[in-house]
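For clarity, chains are labelled A, B, C and D in written order, and residue numbers in each chain start from 1.
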Amino acid sequence: MFARKNDRVLVQGVTGKEGMYWLERMLQYGTNVVAGVTPGKGGDTALGVPVYDTVQAAVERGGVDVSVQFVPPLLAKEATFEAIEAGIKRIIVLADGVPVHDSMLMLAKARHQGAHILGPNCPGVVVPGETMVGILPCWLPHVFKPGTVGVVSRSGSLGTAICYQVVKAGFGQSEVIGIGGDPVVGTTTLDALRFYARDEKTRAVVMVGELGGTMEEDAAAFVPELGKPVIALIAGRMAPQGKRMGHAGAIIQGDRGSARSKIELLEASGAAVARTPDEVGVLLRRAMVG
Amino acid sequence: MRLYEFQAKQIFAANGIPVPEGAIASSPDEATAAASKIGKSVALKAQVLAGSRGKAGGVRFADTPATAFDISQAMFGTSIDGLGVRQLLVEEKLAISRELYLGFAMDRSRQCPVAIFCPTGGMEIEEIARTAPDQVVVCPIDSSNGFYAYHAIGMLARGGLRQKQLTTVAGLAAKLYRVYRDLDAELVEINPLAVCESSEIVAADGRIAIDDNALSRQKDLPKNVMPGTPLETEAQEAGLTYVELDGDICVLANGAGLTLATMDLISACGGRPANFIEVGGGAYVKARRALQIALAHEGLKALFVNVFGAFARTDVIADGFTTALAELKPSLPIVVCIRGTEEEAARELVRQRLGIISHTEMEEAAREVVARAYAS
Amino acid sequence: MFARKNDRVLVQGVTGKEGMYWLERMLQYGTNVVAGVTPGKGGDTALGVPVYDTVQAAVERGGVDVSVQFVPPLLAKEATFEAIEAGIKRIIVLADGVPVHDSMLMLAKARHQGAHILGPNCPGVVVPGETMVGILPCWLPHVFKPGTVGVVSRSGSLGTAICYQVVKAGFGQSEVIGIGGDPVVGTTTLDALRFYARDEKTRAVVMVGELGGTMEEDAAAFVPELGKPVIALIAGRMAPQGKRMGHAGAIIQGDRGSARSKIELLEASGAAVARTPDEVGVLLRRAMVG
Amino acid sequence: MRLYEFQAKQIFAANGIPVPEGAIASSPDEATAAASKIGKSVALKAQVLAGSRGKAGGVRFADTPATAFDISQAMFGTSIDGLGVRQLLVEEKLAISRELYLGFAMDRSRQCPVAIFCPTGGMEIEEIARTAPDQVVVCPIDSSNGFYAYHAIGMLARGGLRQKQLTTVAGLAAKLYRVYRDLDAELVEINPLAVCESSEIVAADGRIAIDDNALSRQKDLPKNVMPGTPLETEAQEAGLTYVELDGDICVLANGAGLTLATMDLISACGGRPANFIEVGGGAYVKARRALQIALAHEGLKALFVNVFGAFARTDVIADGFTTALAELKPSLPIVVCIRGTEEEAARELVRQRLGIISHTEMEEAAREVVARAYAS
């Protein structure tokens, strides 16, 4: 969905410490990183990858399919605007701590220009054995393995832990999409389900959610037409209810948003809901093997 | 971060949204002086960051400065939802003929801001939203476009406003949107927006919550400490997300999702988690402070450390918490589970510094910590 | 271009003094005014025309082709945004005194949404005998008369004076477009020439310009391909040069902008340039009759 | 409305754009005090709203406070382009290694704002733009999108900036755009933008012009009176557009276009127009004031009133100027030409009040006024 083997990948903020660390990991994994951008470093190279002053210059050099950003949260909005204006259609925003008004602006602008955003506050995407764009430990063989299970997760660490369960249960992943934990994100659980519905390689979907928001409720309605087994884990059953946003929160969200609400709707829609990470493997085996 | 009513109203007034005449008072004398200055019947409103103040006696009325003294004296030092009343907003008492609701918030499903209007505001607004949702008008906003008076006109006309009320409230709504946007607010709410008998329209109450991610660029805002237990306040001041629960197994995990799942797992195994503390992002270096706070919780029976290194390296995390534990030396059973990036190095650190063999399977580890916690 | 006989016309700000005065003139002339908008007056009627609170409500009632605005200059931006968002594709902004940043925003937004703006600070448009949308004295028979001369003018009063010359010379107008006198306007002289090139009814074009800006220079380049005679009057030959906008003005505009520069380029392109209003009639007769 | 250099620099500083240390002085004593406070060599810069100050001796340098006294004393009371020097900006003298040009303006052809950068700034910028236009980078801006640092990076890289200079100037450009937009400026210009020997980058000079149409909403700006003749200043204060010329036929017409065309016509008929005065828009009620000012011009030989009523009614206009003329009673030949909306009523007013038969053909009228002006 967000990356394929030969996609041309651009790294914004490539010459910083985090950018360089993950550039190396991506190159080692075989990700087709074609360019980097750091203002003021145009003309340099980073691990052999040419660096440009602007995204526009990088795009003019020969085309970019996906951009991934290593920039501070307060600069994510501008970095995303820059990528959108340069015509890039898939943009991965990793930054944790992006103000939500910035996120809403980014998403509005992306919608107008037909671009897709993954994140903010997401770990990116892995297609095991093919490509990784983001900050996921794709090189751990007991966590990421080529296969037929599509994973979508709001949480980086829990999502990775569940990927480990998928492999432990004897399967691998067709794709792992970290959509990010922020209140407003560009790609939702529902968007990922819609993708996995069309994706021939994917035979089952593991959904990692958590309390808050209504993404799992929105996705539950799609489970019946997905036509593939869905195993869900919703974190936060035992957690205190998050803060309510005044009366407005109650008006917009109603009774939705709790782990209980999500689990009830998912089960009603035909998804199998695991109570613990280990149970994800059990339910997955049941769904795949019967 | 939430703002107090009086702070919200200062912001409203500075942005051209009418508010009642009023002043903040920290003592009965100040309340009396404020009442005298206003020169008519006043409302005395407790300034606490709690939800249902009205129903808890946090708003009272006084007809004269002398009664304002007595009533404010009775209010100071009481508490509402466990929060001590230290400041009162003394305001002219409004003669209200109609209460409206007006707010801006984000809609997580639509991924955009929304304007919300209800022609019947006041304390029953949530009840109305539940029982008569057709009365509430929710208007999605394109952030890249903004929200102008004409958008407000459309929304308010659907909500039944007409003529002068329609145009006046629309003007206020456009101003309120600018407050919402320019202050990086998650929420701004006027409830009730009071139509007075004089036909003036005034923000009788106000609520603003600021996006914590934007506080560093909102330099002009006050720094409010959000209500919480003493340990929660300590954590807040240290920049940590910490929620105290009434259990007895202290949980330390990395990332919000894994932390929540770990608490669920402890519960599923029959244990009672004592806290939610997040050490995601760049907070690993704060492991010492986090553990110090988490371990100060009374009645702990065990500590569970659960780490799954995704983009964070487990050896770095392990270095953080083992150093802290070696220093804090809690006399508790400790169970550690480690998986992910650089896990061998991390396990070796734990073995060397704490003399503990780390688990690799979290469910197994959770069962052990519950068993050991309640063993005696 | 901006209006045809049966175009459904909306009047924004209809219930004000100016709005009502010109609504009456338009209705008398046969302009198909279908609705008016004044916030807070929704449900009223104005001279039999239904009034709505918003443009959206007026459009939903049955479609609008052209909007014309009677609103104060500092509110023109919002009125135009409202019309664009409601899907109206032709918008006439009469207000004099619109801040130029507002104008530039209006035009940018119109471009993005495929809408066309006439003005600001313009008198609107007359198709003699058919329709008038704006504030032109269409009812004066010695000024506006059906015919084959297309008129485009930056100035309201001078443009009307030249229309009188056209009629005095024995002709009438196919259309009179007042593009407005502001530094930044939505419809330029060149846009009007391009329209008259395609318009079968139009046999010759009278262009009324003045010193400042480069619209006449830009239009001059099109005169050869227009394929119809152009008679131009450029006011300001004897006026002192307008204020220069710092070095930036010199950089952007170079030597263009004076009446002399405009006249030289127009004459070089084959246009006939009149020195006085009366001469417009003389040159027009020469061009039309030979 | 133009701002003085020192006003522009105050705005730059408030928006994070570095400017030289400096202070404004209205007397040699103040200049000396400012120089002492700065404590190094200073530049003394005449604050006048004129173009070519540098070449006219409006900028001089002083190494000590004592010389600052002498030089400033010599500068006060001189005039540049006819404008008296009343204030000096006393600034640290910069050690400049390179001069850049950076500005924002509107492009009337493209109908949008443009950013302009030239790697060679200073007094010769217009010459460079003429002889080496490739050196100047002009970047059109989509108003609805804005101008961010990354746009500036692209523009400045095309202009040859690299590395630290590239990112620093880009940051300043993004800030300067916000000044341009938020102040409703027609123009903001930093020329030169000085790269100092210390490698600091500082706005050594600054120019801001505000859109007159936006002054009513730019409430925080100073109110500068633009330079002009005494009568022009009087007109400006009355809110009228009036330009004095060296002719002798006073012209009053309605609308800028017709006024310009009338002046051309007078010239074509052999006359010399004395003024440009616009009474368009809502200014008809100001006809009395306009005529009072226009008729105060010395050496007038005739008055020509030329009205073509389009959306303005000629009877309303005629009421205005006939009332004024009946009161002012100028002893000049007066020729009136009237056409358009309600022309019969207007002609009747002129006949009654001034005893004049109005023309209907402006060329005929222009010939008559020229003939009568120079008859004697």
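Brief remarks follow.
Everything that follows uses one rule, which is that a contact is a pair of C-beta atoms (placed from the backbone, for glycine too) under 8 Å apart; a residue touches a chain by one contact, two chains touch by 3 or more.
In this text, all values refer to a predicted model and were calculated from it rather than measured experimentally.
Each chain gets a centre from the mean of its Cα atoms; the one farthest from the centre of subunit A is D.
Note on interfaces A-D and C-D: more C-beta pairs are in contact across C-D.
Subunit B and subunit C have CA centres that are 55 Å apart. Centroid to centroid, with C-alpha atoms defining each point, subunit C and subunit D lie 27 Å apart.
Centre to centre, using the average C-alpha position, subunit B and subunit D are separated by 52 Å.
Each of the following residues of subunit D touches two or more other chains: 145. For subunit A, the set of residues that touch two or more other chains is empty.
The touch graph of the protein chains shown is a ring with every node of degree two.
Across the whole structure, chains are in contact as follows: A-B, A-D, B-C, C-D. Across the complex, subunit B meets subunit C through its residues 145, 148-150, 153-154, 157, 162-164, 166-167, 170.
By the touch criterion given at the top, residues 22, 73-74, 96-101, 104-105, 107-109, 112, 123, 134-137, 140, 143, 153-161, 164, 181, 183-186, 188, 208, 210-211, 213-215, 218, 233, 235-240, 244-254, 275-278 of subunit C touch subunit D in their complex.
Residue ranges on subunit D touching subunit C, taken from their complex, read 51, 101, 103-109, 111-114, 116, 118, 125-126, 129-130, 136, 138, 142-145, 181, 184, 186-187, 189, 191, 207, 209, 211, 213-214, 216-217, 243, 245, 253-258, 260-261, 263-268, 273, 276, 280-281, 308-312, 339-341, 361-363. Residues of subunit C that touch subunit B in their complex: 39-43, 53-57, 78-79, 81-82, 85.
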